[in-house]
Amino acid sequence: MFAYYLQLGLRSLRRNPMLTTLMVMAIGFGVAASMITYSVFRAVSDDPIPNKSSQLFVPQVDGWGPQQNDNGEIPGALNYVDAMALMRAHKASRQTLIYPVMLSALGRDADSVPTSASGYAVTGDFFPMFEVPFLYGSGWNADEDDHRAADVVLTQEFNQRMFGGANSVGKEIQFGGNTYRIVGITKHWNPAPRFYAVWGEDGFSEAPDFYVLLNRMLDLHIDSSGRNSCRGNLTFTGWDQWLQSNCIWLMPWVELDTSSEVAQYRQFLTSYATDQQHAGRFGWPANVRLLDVMAFLTQQNVVPPESRISLIVALCFFVICLVNTIGLLLAKFMRRAGEIGVRRALGATRREIYTQYLLEAASVGIAGGLLGLLLTAVGMSAVTLLFDAEIAQLAHMDLSLIALTLLLAILATVAAAFYPAWRAAQVQPAWQLKSN
Amino acid sequence: MLKMTHLSKVYRTEVVETYALRDFNIDVKEGEFVAVTGPSGSGKTTFLTIAGLLETFTGGEYHLDGIEVSQLNDNARSKIRNEKIGFIFQAFNLIPDLNVFDNVEVPLRYRGMKAPERKERIMGALDRVGLASRAKHYPAELSGGQQQRVAIARALAGSPRLLLADEPTGNLDTQMARGVLELLEEIHREGATIVMVTHDPELAARAQRNVHIIDGQVVDLAEDPRFHTAYTAAAGQIRS
Amino acid sequence: MMQIKPILSALRRHKAGTVLIALQIALTLAIVCNALYIIHERLAHIAEPTGVDEPNLFAMANLWGEQYTKQQAAAKIEQDLITLRQLPSVADATPTNGYPLRGGGWDNFITMKPDQVDKTTDAAVYAGDEHFLRTFGLKLIAGRDFNADEVRDMGLREAVTPPVTIVSKTLADRLYPKGDALGKSFYSMSSTPITIIGIVDTLHRQDVSTWSAPYKGQSLIWPLRLAQPMGVFYVVRAKPGQLADAMREAPKALYAENRMRMFPAKDGLVDYRQIRQEAFERDRGMAILMGVICVVLLAITAAGIIGLTSFWVGQRRRQIGVRRALGATHRDILHYFLTENLLISVGGVAIGTVLAFALNLWLKQNFALESLPLIYVLSGMVILILLGQGAVFAPALRASRVPPIEATRPA
C-alpha cells in the first residue's frame, strides 16, 4: 500500500508541475537558509572541549568594585595581584594563568630574518588541563614554572614554518632576542571558540604559534599583546607599578573534578575577596564568580550577534516558507476533491486518504530537502561573503548537517501537510459525483 | 423581442467543423412564453447561450430588443445581460460562498444600484418566490426547489424584459417542479417574455408556443410525426 | 470598492486560505521591515566617514625584532620617520598607536572633574606627533596643531597624561555643548587637567564595535610617541596617485635601514580599501544576507499568493461564469479578485505591523538594535500590498477571461 501511495504522490506531483516546483523551491530555500546560518551558529556556539568543559572553571574576582565595574558586571579577567594570589593559594588540582604575547622569532640560520609570532604565556598545567595533543615531546612541569625556565612549546603549524616540520624538540629558538628551549610540538589544536583566551579576543582567530613559560615572560617584561583594561586614575610609570595596578589582563583557569571541589573553590574565592576587603584593598564586599567553560563563553558573548540574528531571521524565513507550503498543499489537495470523493466512494477510508496525502507531502519534502542540500552546499561557499573569514571557515557540511537538512525538510513538510490532508480526508464519499 | 435570422454557430477543431446551429431562424415576440424542445445534442442549449449573449455566433443576425448584437463588445454585452436578461439555470448556479440575499444582489451590484433600492428589490423578489425568511441562509442549507426559487428571484430582481430558462426543473422532483413552473407562468402573466429550453413535454405544453430544434435547425412540429406521437403520448400520461 | 461586503462574506467561507495568505503577508512584513532596517543600519555604519584622507593613506604595523628600551625605540622611530618622509612617493608619515577603523584600540574614560567617579563619556585615544594631522589629512577647524616640543615619548606601561590635546568636534561638542570647547579642559583617568588646544572636524574611532556606538566619533589625540618594546604603527600618506609606489617603497626602505623588524603578514601593510573591507566584513555580510532573505522571501510570498489565488480561480470558474452571465464585465471580475487580495493584504499588514514591532522589540532587547522607525513599517506595508496586487494580477486576469458560457457547463 505504501508503494502505491508513493506512486500516487509522485504522479500527482508530476501532474501539477508549477505548484510542485513552487513548494519544492519554498522548502528548499527555507531549509537552505536555516542550514547555512545554523552551520555557522553551530560552529560558534559549540562546546569547544566537550569532555572537560564542566570541569574547567574561570575564577573571577571583582577588583574594581561596584563603582567602577561595568554596571555591576564582574570583570572577565584578573589583575596581576589577584591572579598571583590565586595561583599561590593553589586550591585546585590544576591551574593556569594565560596572557597573549607577540614576539619576533628567529630561526637558527645566521642569515635568517625575524618573523612575527603570536602565542600565549601559560603555566605548565595548561597542557594537561586542556588536553593539548602533542606530536613530539610534551609541556613542562610545575618545577620548571618555579625555576622560570626558558621553555617553549611550538605548534605543529609554526614548527612547520620554522623547522620544516622536523622533530625540533631539544632545539633552540630565538624569541625577541632571547633563546628558548623547545620542549614540545603540539598537534594541530585550535578549539573554536578559543575558550581559554576569549576575554578580549573574538575567539575564532588562527591557531597560535607557540606557548611559552609565563614566569619567564614576566621576568623579561614581555607585555601582553591583548586587552588591558584599567579603572580610575592611572598612576603607574612602568612595568612594576603596572603589575600592582587594578588593570586586568590575565586569564585564570582551574580544573575542579568533583562538585565538592567546585563548592570548596567557590568558598575559597569568597574568603579571599573578603580577606581583601578586611585588609582594606577592596572597599566592597566579596564579589566573585566561578564559571565553567560554557557559562564563561556565554558571559563573554562569544557567539557574534550577527550569527544569532541570521539564524533567527533564517528560521522565521523557513516558517514563512512552511505557511506558504500549507497554502499550496491545501490548494493542491482540494483541487482534487472530486478524485477524493470517488476514492472514498470506492472504499478508501479517511485514514487511507490521510496517509496518501501525507506521503505525497513527504515526497515534496524529500525533493525540497535535496534542493535545500544543493543550495546549502552552494551557500556554504558563499558564507565567506556573509561572515568574518575566520568564522566562515568554521562552517562546513558534514554528515550530521546533511542528515539534519533532509530530516528537517521532510518533517517540516509533513507537519505542514497535516491540516491540508485532514481537510482532504473530510471530503464526503462521492459527494463530488453529484452535479453541483 | 428576440429575433434570429439565418444564424449559424460552428465549432471548429483542427479536423472537423461541427454546426451546432445552422440557418437558424426564430422570432419571439414581446410577452411570449416559448418552450424550446428537442433531443439531446440538437442545439437547444447552444441556442439559449447565444440568445443570452453568453456566447457569440458564427454567422447570421441576432436582434435583441431591436439591437443587432453581433457587433457589440464584451462590456456592452455584459450590460445587456445585466439589464435585459434574467437567467434560470438547470443547476441553479447560486454562488455557494454567498447567502441568499447576497446571491440575489449580484446582478444589482453590477448595475451599480444604490443600497436602499437594492434591498427593496431583493426583498421584493424573495417575497415573490416565498423565501424572504431565508435571506440569511446559504445555498447549501436549502432544498433544490428552494435553490431554484432563489435563482428565479435573482433573475427577477433586476426586472428583466427577457427570462431565459435552461431546464429549470431538470434537477427537481415533480412536486417542486410544479411550483417552479407555476411561478414562471405567473411571471409571464405579468408581462415578461420567457424562453425556456426543456425536454419535458409537460413543461413544454404549458408554454404558449413550442419551438422544436433538431440538428441545429428549427423544424415544424406538425410535420414530424415521430415527435407528435411521443409528445401526445407523454402529455396524455401526465394528464391522466 | 463597491463589493467589499460580499467579498468579505465569501472570504468567511474560505477561512483557511484567507488566514494562510494573511499570515504569510504578516510574517513577511515583520521580517522584511526588520531586515530592511538592519540593512539600513549596517549600510549607515559602513558609510560613516572617517575624516581621514583614505585614498592616499596606508598603515604599517612595525614590530621590532629585538627588545628595545624606551630610548632605543624612540631613536629607531625617529630614524624611521626621517627615512619614510624622504621617500619621493611619500607626502608625510606619523608614528601612532592605531588608525580609524582598525578595530579595538585604546580608549579612555573622560571626566570633567579630577575626582569624578562615574565617567562623563568615553573617547578613543590616538597617540601622534606633530605630523599626525597632516599625515591623516584631518581638518583642523579651531585652535592649533601640536608643536614638536610638545610631543613626548611613552615607554612600556607608562601612564602618561599630556597636558594638551586635540579633540574631534564630536567630542568637543559632547563635553562643551555650547561650542566653546577650545581652551577648556577635561580629565582622563588622571588628576591632571588636559587642555583642548585644537579641534578637528571628523575623526572616527579605531573600533567599529557596537559597545562604542554611544561614543561614535568621539576621539582625542595626544602628542605621544609610543617608544615601546613591541612596536609601533606608522601611518603614511602618499603623494596623490602614488599610493602603490609608496606601499612598495616604504617597507623596502625601512628594511634596508634596519632589518630587525617585521611587518606581519596579516594586516602588516594595509591601505584603506583593505581596512574598510575588514572593518565592515560583518556589516556587509549582514546586509547581503538580509537582502537575499528579503528578496527570496518576497518572491516566495508572491509565488504563494499566485498559487493560492490560481487555485481559487480554478475552484470558482463556474461562479465567475455565473457572475459574467448575470452581467459582470471583465473589469468587474478583475476588480473582484484585486479587491479580495487587497482586503486580505490589509488584514495581513495590520497583523504584520504588530509582529514587526514585536520582533523589533525582541531584537532590541537581545541585540542592541535601535527602535524600528515607522517609515520602515509603512514602506514594508506599501511593498507588500503592491506585491500582493502584482501577484494576484495574473490569476485575476485569467479569472476575468472566464467566459460566461462557463455558467451553463455541467459541474
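As written, the chains take the letters A, B and C, and residue 1 is the first residue of each chain.
Throughout what follows, a residue touches a chain if its C-beta (ideal position, glycine included) is under 8 Å from a C-beta of that chain, and two chains touch if they have at least 3 such contacts.
Just so it is clear, the structure is predicted and the values come from calculations on it, not from any experiment.
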item	value
Leading chain pair when contacts are tallied as C-beta pairs	A-C
Chain ID, smallest distance between chain and overall C-alpha centroids	C
Most widely separated chain from chain C, with each centre as the mean of CA atoms	B
Intercentroid distance (Cα basis), chain B paired with chain A, Å	76
Centre-of-Cα separation between chain C and chain A, whole angstrom	25
Cα-centroid distance, chain B relative to chain C, in whole angstrom	70
Where chain A touches two or more other chains, by residue	435-436
Residues within chain C bordering two or more other chains	318, 410-411
Per-residue overlap in chain B, given as positions that touch at least 2 other chains	91, 93
Parts of chain C lying in touch with chain A, wherever the complex brings them together	16-17, 20-21, 23-24, 27-28, 30-31, 34-35, 38, 63-67, 104, 109, 114, 117-118, 155-159, 161, 189-191, 210, 228-230, 259-262, 264-266, 268, 281-282, 284-286, 288-290, 293, 296-297, 300-301, 303-304, 307-308, 310-312, 314-315, 318, 359, 363, 366-368, 410-411
Chain A residues touching chain C - in the complex, by the definition given at the top	18-19, 22, 25-26, 29-30, 33, 37, 67-68, 102, 104, 106, 113-116, 176-178, 206, 220-223, 225, 227, 230-239, 241-242, 304-306, 308-310, 313-314, 316-317, 319-321, 323-324, 326-328, 330-332, 334-335, 385-389, 419, 423, 435-436
Of chain C, residues touching chain B in the complex	2-3, 5-6, 9-10, 13-14, 316, 318-319, 322-332, 403-405, 407-408, 410-411
Chain C partner contacts - residues on chain B that touch it in the complex	45, 48-49, 52-55, 74-75, 78-79, 81-83, 87, 89, 91, 93-99, 102, 105-107, 109-112, 138, 154, 158, 166
